[in-house]
């Protein structure tokens, strides 16, 4: 499919520019802050003399002029080198890769569940528009949408870990339990239940609303009337004619949000003490770990761009009208 | 006292690195204290106890210190620990990487190994608290054979720390846990007892509390448990709480006052602050009973504390009178003055404290605007004197010369340096007293000098002292001997054992 | 797009009629009115500062000196909620207003002029949309230190892109509408056309999404406060939950009530937003029900 | 008639939900459909034509219910059947074609699959047999390369092709009733002709009963055996085509027929002695669509060497099928589009060479009336505002402009008080009068009318055309009249220009172009006009005569 290849290369070129622009933008944003990592480390050491801070600054390259730092940074970014975190004494790339699995397993599971659940509930609600089940789904969805995500997390911990003791409240696995194989997987899955539920609930509400609205829109279109006039059974009309057409706007929004789930996971990872990218980002802000912060920004931008690309591709597969147009 | 058992200890925040010589943040000390060792440790009353040094002598003029080392200590890679390691650590490694050690050992004229197991330190002039500098976090012993001739900070061996301690580094799952295992060739026969120690990273305070309750972790220390959880956790049947084991650190908290700015340059205004703030309330309601209201610059568990100083009781009336006297009359809106308070970004409790101070000062007519920032911003602003009020607490390291002097003497007014005399307080008399007291090793003489200094300082209020802070250590009742010395949880844990039921 | 979409709702009865037919919207509006009243009369209801320690700490709800209980320092939760309504609404409204200004301006310019200008503005918008919202907001607030202004600006900065896209779309489609062409042929200037012809007609979807954005802004503010990035001088609901989360197990009420306050306010705003949507965009409204 | 009719609708009454403009969509409707017959249902918009059709298929919207009457299909009451059997009836025995071929097909499904679906649910054929049948069907409706087309998505097909696919789908299982709800309204005349022929052809071959809904009497004249005329939910007249078309009895039928525009000879010939007002010389315009980093995008030639002159007092008609570039020329003249090359001379000045500010003074001389009376008035401004905005922009005093606007409103046949009201308070015809008043407010010399009546009902259409005709005479306006309806063009234009694919293929006096077309395309167009064989009966007063009477009395 040379068309698709052309399309992808076109989008990639565009994406590279966006990402480079973001890198520059972030660089200045992050450096606009007062204080630097040397200061934080001096503060945490509990005692500091001028030499110590000076040493740190030199080590971090913070004594160079800003444009020089930008130059160094950009030339590294171009080579896919995200730099070195002096605070954590590790290459940023390694740090991110350490944290990425947790965040990905959290966000992707939440995303997939939210998408499937949202589409199912939205369809149900729309096809029964006006009945009590529609009302119930709508009300619950709206409530989930309006509730602060961290608050849901806290309430779930309170209920399921503290009061009922069914599920672990934090962490990604039971440490020192020595599980292997299937047991280890189950253990990890158990740790993910509450965070995934919390994160997924909000997005499920979003997708439910979207699906419902989209189906209501499609439901009255002419081609659905045609399908009815053909004497097709209802389930086929819903699944083949209505849903497939209604799903497109949901895919757009979903693809758009998939990248932003990382933002939502800051809160989730904080509440549930998960060592993921979101928390790393928050800590990096507070500790002024420039390199890490810039790395995360870059990574998330890449994720968003990749997801947008995927969305476009899926879109072009589902919708023949989109001739993978730019 | 049998062998075996795994202990899970909270570590928070996650240390950046475990090489104690390179990083001395609190969490690093707690973890690395099991891997590295110092020459000495300290009893609860801050008397030196043997560790890697089995005995020591001080010359009568107080200038020469000679240590005899244990003979069977080995590094985790099997190499013997000798006097040369001590010399390397104190004269090379720490001089480059450890600000506190640098301050101490730069007072030495020479450091030499008399033989493989004897080290001698010769001081340029007597320094009272010299022995205090040999505890594990102040002077951790680093392996010469690994670091000699390398760039210490970039040495690849930093990823797998090698010490002489009872536990060896096994694995570090970043963001999750650090795993230490028993050092089978530990130099104390039959020790340690525990097989494994896991340090678990749990960034959320509420989660940490849950972890203690559910018994997932068996020990917490320092600020791990937020103060409001302390009363509840104290009541748990499976854990025991102690506030002992922090004597060496003896943290003291205060409101940092920028005495360069109006109206804070007025002694009476600062005294009024001392009267306006109810330190008992702070202790009881914000620190939930932990700590003691501070009376002056030296913590009562630190050596040379002077109890007989001017007392500042909670007395808003008195505070208002002092403000009137200083000329701060009430304006139309009931406000006498406006100041900013830069809240220390080290957790909820300090935020609550900020809110309390704001309300307390409002009661005497001083309008306080709260400012928050992150750690970097806080260090940056305080060390560059861009603040009116802030909070701070510092460790006293057992001796005023180590942990108190630096805050008040005028030659430590250094812009851009944190934990210096950032208040800009300057009193030649105080400078003089502190200088003399450091240079003698006669305890009575030092007591007199320090008492005099404390009286002056309490009168001048260069900072508004709040609490002699206490940290709660929660330990699972099955684990014994966790807190035995003045450095508490930073100890090597070679004598900790688990009682199996 | 047919004429129905731009049929105006000037007729009072039409707008209110359509609005009132949506039961949820009426409930939401009633609730919102209550919250606004509470915010307006917070000083009358609780004349003292919400920071004042008026009760014993840790008083459960329905105790003598604190209707909804007191917090860890003995501050009245009810007073906090009443005063917090102000902050939440203030931040929600101002940040939305700023976002609307930025978004509509850029979107209008982009949609009206098209071509290069459009390209440039859209690339710029894309940039902001690629960085995850909340991460950017956290970084902005942390960097510029938390204060009312920095929070409002941060929320506005992360919220404007969707509005810009919406406004752009509206302007683009309205620009090629015949009444705009008619305005061009009758010799009206670009400014007049943007201002008098297009803007009023693109307003209703913008109003609808702005009303929903107020809700999102309130949620964002509470999330920031929850992470300790709120203005320390303002008693806001997010702050209250954030401050109480650590004692949630001893004192559920401290985080429960402010959490409920956020939930209800956001819910009410959403309901009102949907009602506005029904009333202002009647085409969609009809589909939404039947 | 001894055999039971195919379809027998008796006393059908359909209720509308509360709040609708009337209580019943249709009321007490009775008619039959015999095999082999085409029954045309005509009537104005909203008269209940579609509702009736939907009721037959059991596809009424949820809120709409049948409250009385019955529909019998070969004797069995449709309503009494269980849902399963109703479904079998639908698509199996009764098939339907909808008005909009653009939206009536599922955009995400290959057309072959869409036809296949019918076969799957109404026959027991296996896969291969179904496929063969699909190909056969596509071929039978005259689609080229049916085996290839089967795998296309609807968006690749033209409107006419889609409508053919719809018909193929409807015929899939050989139903005995075909309901066509305005199946050609959205199509070009030429395509319309083909589709009408196709339906007639198939109907005749299979002896189907066809219920054909339309509002175009030309179409009725072309195909109907019997005609039912509906007004406000009731059948006001039902009879054979002959009876209804040539001897209408009901006043409503007569009114409808009177409004039908007709290919008639133009009443007065234009004398070319007068001054040219506007001359277009070699105007070219090409649109570039899409295109990105690598792709060049698509080119559409909308104007290719267009030349044309409009004299003072002359009406030039621009006709041609959709997309031929008519609007592009009109818009270029008023400056909404900038052509790539060529000159547009207004009283000797080349408008295209002028800068924006220099162009402005000329704007008032060239005004435009747009196609859509709904979309061309800003819904948020009062009618007074709308009319005065132009003069105010040219520096006129608001007060004065408003007085003038009121005078204009009376001129176009509205009350002066209309100035205070908003556009949505007017009917379509009234709105078009308002937009004419707006165009006149600047006292233009030239009026460009871009399909000004195509969005209106026939009867309203006639009124607006009358008005334009009247104003032209009174104000001595020049006019460029764009339309795709040749009957309308014939009625009011002096000169006709025929466009095809961006070129003017024929231009000349109306009489000559219609009477003696030179270009083959013009002939195709003329040939495709439905109902040519039918002339409006004498006793029904033709529109033009009525308008002449109106003019002399004014």
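Per-chain residue numbering starts at 1, and chain names A, B, C and D are given in the order in which the chains are listed.
The rule is short, and it goes like this: a contact is a pair of C-beta atoms (placed from the backbone, for glycine too) under 8 Å apart; a residue touches a chain by one contact, two chains touch by 3 or more.
By chain, UniProt protein names: A, C = ABC transporter permease; D = ABC transporter ATP-binding protein.
All figures in this text were calculated on a predicted structure; none of them were measured in a lab.
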{"item": "Identity of the chain that, by mean CA position, is farthest from subunit A (ABC transporter permease)", "value": "D"}
{"item": "Pair of chains joined by more contacts [C-beta pairs], A-B or B-C", "value": "A-B"}
{"item": "Centre distance in Å when subunit B and subunit C (ABC transporter permease) are each reduced to the mean of their C-alpha atoms", "value": "46"}
{"item": "Subunit A (ABC transporter permease)-subunit B separation of Cα centroids, rounded to whole Å", "value": "40"}
{"item": "Centroid distance [mean C-alpha coordinates] between subunit D and subunit C (ABC transporter permease), Å", "value": "45"}
{"item": "Approximate Å spacing (C-alpha centroids) for the pair subunit B, subunit D", "value": "88"}
{"item": "Subunit A (ABC transporter permease), residues touching no fewer than two other chains", "value": "33-34, 154, 162, 270, 285-286"}
{"item": "Per-residue multi-chain contacts in subunit D, two or more chains", "value": "none"}
{"item": "Residues of subunit C (ABC transporter permease) engaged with two or more neighbouring chains", "value": "142, 145, 245, 248-249, 290"}
{"item": "Chain-to-chain touches, reported pairwise for every pair that qualifies", "value": "A-B, A-C, A-D, B-C, C-D"}
{"item": "Subunit C (ABC transporter permease) contact footprint on subunit A (ABC transporter permease) (complex, rising order)", "value": "18-19, 21-22, 25-26, 29-30, 32-34, 129-130, 142-143, 145-151, 154-155, 158, 162, 213, 216-217, 219-220, 256, 259-260, 262-264, 266-267, 270, 278, 281-282, 285-286, 293, 296-297, 300-301, 304-305"}
{"item": "Sites on subunit C (ABC transporter permease) touched by subunit B in the complex", "value": "49, 51-53, 57, 72-74, 142, 145-147, 228-229, 232-233, 243, 245-250"}
{"item": "Contact set on subunit A (ABC transporter permease) toward subunit B in their complex", "value": "33-37, 39-40, 42-53, 59, 87-90, 95, 98-99, 102, 154, 157, 161-162, 165, 169-176, 270-273, 275-276, 279-280, 283, 285-288"}
{"item": "Touching residues (chain side subunit D, partner subunit C (ABC transporter permease)) in the complex", "value": "61-63, 331, 334-336, 360, 363-364, 366-368, 370-372, 374-381, 389-390, 393-394, 422, 424, 435, 438, 441-442"}
{"item": "Residues of subunit B that touch subunit A (ABC transporter permease) when the two form their complex", "value": "6, 8, 13, 16-17, 23-26, 99-100, 102-103, 153, 158, 174-177, 196, 198, 200-204, 206-207, 210-211, 214, 216, 345, 373-381, 383, 394-395, 406, 414, 416-419"}
